[in-house]
Every structure is written in structure tokens, then in C-alpha cells.
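Chain naming follows the written order as A, B, C and D, and within any one chain the residues start at number 1.
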Amino acid sequence: MPGLNALALVCTLKPSPAASSSELIARQVLGALEPHGVQGRLVRVADHDVRFGVSTDEGDGDEWPHIRDQVLAADIVVISTPIWMGQPASVAKMVMERLDAELSETDEDGRPSMSGKVALVAVVGNEDGAHHVVAECLQALNDVGFSVPAQAGAYWVGEAMQSTDYRDLDETPETTHSTITTAAAGAAHLATLLRDAPYPPP
Amino acid sequence: MPGLNALALVCTLKPSPAASSSELIARQVLGALEPHGVQGRLVRVADHDVRFGVSTDEGDGDEWPHIRDQVLAADIVVISTPIWMGQPASVAKMVMERLDAELSETDEDGRPSMSGKVALVAVVGNEDGAHHVVAECLQALNDVGFSVPAQAGAYWVGEAMQSTDYRDLDETPETTHSTITTAAAGAAHLATLLRDAPYPPP
Amino acid sequence: MPGLNALALVCTLKPSPAASSSELIARQVLGALEPHGVQGRLVRVADHDVRFGVSTDEGDGDEWPHIRDQVLAADIVVISTPIWMGQPASVAKMVMERLDAELSETDEDGRPSMSGKVALVAVVGNEDGAHHVVAECLQALNDVGFSVPAQAGAYWVGEAMQSTDYRDLDETPETTHSTITTAAAGAAHLATLLRDAPYPPP
Amino acid sequence: MPGLNALALVCTLKPSPAASSSELIARQVLGALEPHGVQGRLVRVADHDVRFGVSTDEGDGDEWPHIRDQVLAADIVVISTPIWMGQPASVAKMVMERLDAELSETDEDGRPSMSGKVALVAVVGNEDGAHHVVAECLQALNDVGFSVPAQAGAYWVGEAMQSTDYRDLDETPETTHSTITTAAAGAAHLATLLRDAPYPPP
């Protein structure tokens, strides 16, 4: 049986080639999925002309449909986002709004198009905000049909009001490494189960 | 193979026998689980002397340990809560803080004690707040090891600033009924999969 | 003494001339400020090429600086946003991220550039989410220096999962009208006090 | 003219005499208010038999009414809370639910009983969660009539998943000290303005 596919949607506010801590942690999550036979792809959303909206295609050059095709092909979707003001980045919000359209996209059996897919959230910030960002993302993704494995949030934040970035740490702290490993193992396990035994149609 | 067990933790602020909308929706969720072979139990937390804390037993007459035993025996845990000020009830928060202790309670293979269990959230309020309550509850429950099936939130709220209670509606709106049915079907499916194929040990 | 100025930043996802419920409630808030001697302006953010970022000017045609000039000239700033998935619109998040830059912009006495300004939040959605949207917006705006009058959230949402828009109601419900009136009166009062007696420098 | 009064409601889960980081930061906030002529009192809520509910007096030995009297006498109310699972402590939620009753308690001119009072939030946790806790508390307090001065959140959190408590730090970090000083200065200024020039009646 072919392996699973994961897609990481990196929601940094900055296009490439600017250095990005949320791209770094997304790559680490994809790396942790690999030993479980999961093939990873990464899209840095700010590199594409994605439009605000709540449809699958806003037209007029909107590049979301290309990203959407990769979401549809993925078994596991990783939302990776920086924290701004204790909250998910606007780019992550924009991505989730676009996914809101999937509620009305159903397969021949009436399941929403995201049914059977598994969500992870990876979060980094200088300081404070990871749990809330995980909450906002998991709720939105679960609303549209994603399932969530145990301990699906991988994160790092520094001490209150400090300013070192995740990508400038000498090495990944063991604690953060452990959240990445756990989240990846759970996602691979859950995605395999749901691929082999889909949710019953409504 | 024996069937699954579900436990609904009703987090209304009022002890029995006061009428409770969150007890009503909890009973409806348990009812929707039944056709999937899931046997339900319900605990109204405010009927018991549960103490504030983050340990498994706060001692001195703390009645959480009896509830905890039922959590440990359940495959599916339903947190049912009213909305106050747009947020989960304090009783729901107290319950989640008690569950925080489970992170350090691991089985012989090192899995947290909640590993393999599935969470649902049922929410009712006069008006406004259900999505955020779902977000707060799912994040906290997922943090300690619960898995979340697709569309795990069942809810009803009324129009802005209106005051009719869920339990006083002539009948359950079809929309709310549908969220209950979907959440229950997903939870039964996911709990069966995770019982038959547990997460790998860390 | 000259009157106060208010700026409403409408954060609908859609550019003009599409009909917008969040533009409607923003106009109602500005209308309610008028009898208090407050002159209102309205910017529909999606009509402008505002870039993602956390600086005052992202360059390269970024149109935020023009909006920022109007923020700087305002005594009262109203964030008006639709609810998507129970959360503030991505456009509102983008606006707040741009305002994050103001923390490092201080006047000659060391006060942040938003010091003395007053924030209101106006929220509409088909159903559910207003309180949480108010929470996210007020916290972010307060973080960067805005003050918040009593009951600063004006809102309307419909019953769970219904689909009528605010702009399609036959008339503004009395309850929502009352939140608009209260928020406006409080903002005018507070902005007057803070103009006449600024916060002491740090 | 007599000075202002502040009341700190410490929402640690543990009764005295257990050491409490949220009591420590509350005392620091009261200390920072003193030079502004504000006299402080502190109530550790878990030392009192406060009942769950949304009324001003739940009867049967409920000790909230005694605390409520001190809230009514205060110009500034400080909610001080630990972070559990990235969220406000259940005791803080319980306190806010009790304050929900104040919406229907109006003075002879129709103002809610909390009108003119100013809110601050002080938050400590081992790691992560302060901004969201501030958001939850400010929204709930503002809903019932509290006004919020610029930068009303004073906080400390450690790096992701570390375990040192605030009260065990060698000294208060300069950054946290600065949030305490700023919040206190703003609260004293705003409370003075609102005492001398109350909100107009509705």
C-alpha cells in the first residue's frame, strides 16, 4: 500500500527567501513524519498570491486552487504559524478561511472533503501564545472535518518579552523536539487508521 | 468484543435537581452514541465535592478520584458545558485542570493515561460562544492526550442577547441535532479504531 | 476645542462594492458617535493593497501607511469585523499585526503612539463568535496602547447555524442597537477624558 | 479628595498558606499602585467558600457577598491568576461568573454597578499563555462594565515547557517589572478620571 502524504502550510508573514522560524519547525515536523513512511511537501503561503475569501477559488489569478489541490492530496496537513500578539498569524487565519469552503464540498457519500484527513499545528514565537494558537487552529480545522491525534501541537516560545527567534537557537530544545516527535507519531498512526477505515458516511 | 463506554461530564454550575440545558444536550449525545454500541454514563460534576487543583487526588474528601475512575474506564469523554460570558463554565475549567494531572500518569509503555481516549464537546448557551468554548476544551483535552474526531463539537446558541434556554425550546433544532449525530458517529468510529490499534508507545 | 475624530477600519474579506454587514455596523457605530461631537471616517481595508507584516511600512506599494496616517489622527478606532469559524477575520488580524509596530513608535515623552486612543470592536456573523472576536481584538489593541471604555463590543449574531446576514435583517434588533449606543457613548466620554488629560509619560 | 482603592482578587487554586506566584505578582501590582495614592487590599479567593453561580449571593453560607462588598468599594480591580493549560484558572472563571450578575445591578441612573471601575489583569505561569489569559479576563470584565487602561496586562511566563515558578526567580525580570509599573500607572490615571467624570447614564 502506498505511503501517506503530508502537506505543511507555512504561514509566516514573509515571502521567501527571508529566514523563517515557522518554516524551520514545519521542516522538522515533516522530518519527524518521514520515519513513519510519510512523504512531506511544504508550501510557504506568502510566496503565493492567495486571496482573502471563503470559497475554493476567488478567481482572477487567485493561487489558492493550486495549494488546495495539494491539501486534497494530503493525508496529514500541518499548519505552521508564528505567533503575533499571542494569536495565530493573519496568513494562518486566511488559510483556515479558505478551508471553510470545504464544508460544502462533499464526496459521493456526503462526507466533507476534509473527512479522514489529520491535522497538526506547529507554532513558534519569541514569547508566549502557543497554546492559544493551537486552540484557534485545531478548532477551525476540526470544524471543517479534520481529525486530531493526541497532543497535536508542536511548539516553542521563549521567556516573557525576550526576543531570540527559534531559528537562532543553538539547537532545538529537547522539550520542543519531543512535542514534534509525539505529534508526528500520533498523526501517522491516526492517518493510517482513517485511510484504512474511513468515517461512515453521514 | 465488548462495546465502548462513554462518560459525559456535565459542567453546569448548578447541582441537581435544577433543570440544566447542558445536562440535556449531554443526554442527547449519549443517546446518539447508543446505536453505535456505546454505553453511556453521566456525571453532573456540581453534584460532587470536587476540589480545585491539578493533582489526581486533592485529599480531604475530594470526590474527583471517583469521577476519575470513570474517566479511566471510558473510551469516549464528553465535556458538556454552558457558556458564560462567551467562555466555558468554571466547572469545565476545574475538570480540565484535574485532567492536567494525567500527563504524568503513564502506562507501563510510557503512554499518558488518556492516550487512546476520544473527546467530544457539547455546548449550549442563550447566545454566542460555542465555537470558542469548543476551542478551549479541545485544546486542553488534546494537550493531555485525547484524540478528536472530525467535527467534535455539538452545540446550540440563540440569537444575540436573547434569553430562551436550550431546554425550553419546543424541540431540538435540526441543525443542532445534526451536530450531535455527526459528533457521536465520528467518536464511536475513532474510539473503535484506537481501541483496536493503540498509539505506539513513545 | 475641536471635536474628536473616529476611524472605522472595516475588515470584511470582500472589496467594495460587495455588500458588507461589517461595513453596515461600522457605519452605525460612527452614526452613534456623531451626537457626541465625534466626526467619523471609514476605511474598508480590503479596498487597499495592505501587505502582511509587522512594520509601519512594508514598502513596495504597501498602502498601509495611508491608513496608518488616519489611525494616528483618530481619537477613537473602531475595528469592525465579520466572524469566520468563530474567530476574527484574517483582515482584522492583518490590521492588528500592522498596529503591533506602534509599540516601538513613541512620542517625545516616551509614550507609545497609540497612547490616549480609545478602541471599540464591532462584530457581526450569521451565528456565534462575537464575544471571542471582541476578546481577541481588545487584547491585541490594548497590548499596543489603546484604552477600552466600558462595554466596548457592539455585535449581532444569529441562532446556531442559521444563515441570514446582518445586512438582510428587516431592522437592527433593539439589543444590538443598544450595544452600539452604549459603546459609542463610552468611547466618546473616555476619549474626551484622555485627550484633556493624557496618560503620564513612562 | 480621598485616594483611590484597589482590590486584588488572587485566583490561585490553592488556599493559604501555600506559596503562590499569582499572590506575589498581585502584591507587586498593589505595590506599584501605592505611589499613585492608591490603597490596596488583597483577597485570596480560594481561602473563602465562594460558590459557583451567576448571582450576587448564592445563599447557604456563600462567602462571595463579602468579597463583592470589597469589589463595590474598589475603584480598581486586579484579577491575578495562574495559567493552567494556557488558560485562566477555574477560580478566575468562577469570579468572573459571579461578576456577571452585576450587569443587572444598576445605580439610580441606570449605570451597571461596575461602571467607572477600572480592571487590570496579572498573570503568571511556568510557560506560555499570558496573552490569552489577559484576553479572556479583559473581555469578561469589560462585558460587565469595567474600563481598561492602556497595556493593562502584567505578566511573566518562562520558556516553553520549563518548570521554574515566578516566585522562585532570583528577582523579578525587568521586563515584567515594567509591565507592572505601566499597568499600575495607567489604572491610577484612568480611575481618577472616571471617578471625577463618571460615564453619562444610559
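The rule we apply is simple: a contact is a pair of C-beta atoms (placed from the backbone, for glycine too) under 8 Å apart; a residue touches a chain by one contact, two chains touch by 3 or more.
Every value quoted in this text rests on a predicted model; they were computed, and no experiment measured them.
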| item | value |
| --- | --- |
| Chain whose Cα centroid lies at the greatest distance from that of subunit D | A |
| Pair exhibiting more inter-chain C-beta contacts, C-D or A-C | C-D |
| Euclidean distance of C-alpha centroids - subunit C vs subunit D, Å | 25 |
| Inter-chain centre distance, subunit A versus subunit C - centres from mean C-alpha coordinates, in Å | 29 |
| For subunit A, residues that touch 2 or more chains besides their own | 85-87, 131-132, 134-136, 139, 143 |
| Footprint of subunit A on subunit C - complex, ascending | 13-14, 46, 52-54, 84-91, 93-94, 96-97, 100, 136, 139-140, 143-144 |
| Residue numbers on subunit C that touch subunit D, as the complex places them | 112, 114-116, 131-132, 134-136, 138-139, 142-143, 145-153, 181-182, 185-186, 189-190, 193-194, 197, 199-200, 202 |
| Subunit C-touching residues of subunit B, taken from the complex the two chains share | 85-87, 127-132, 134-135, 155-162, 173, 175-176, 179 |
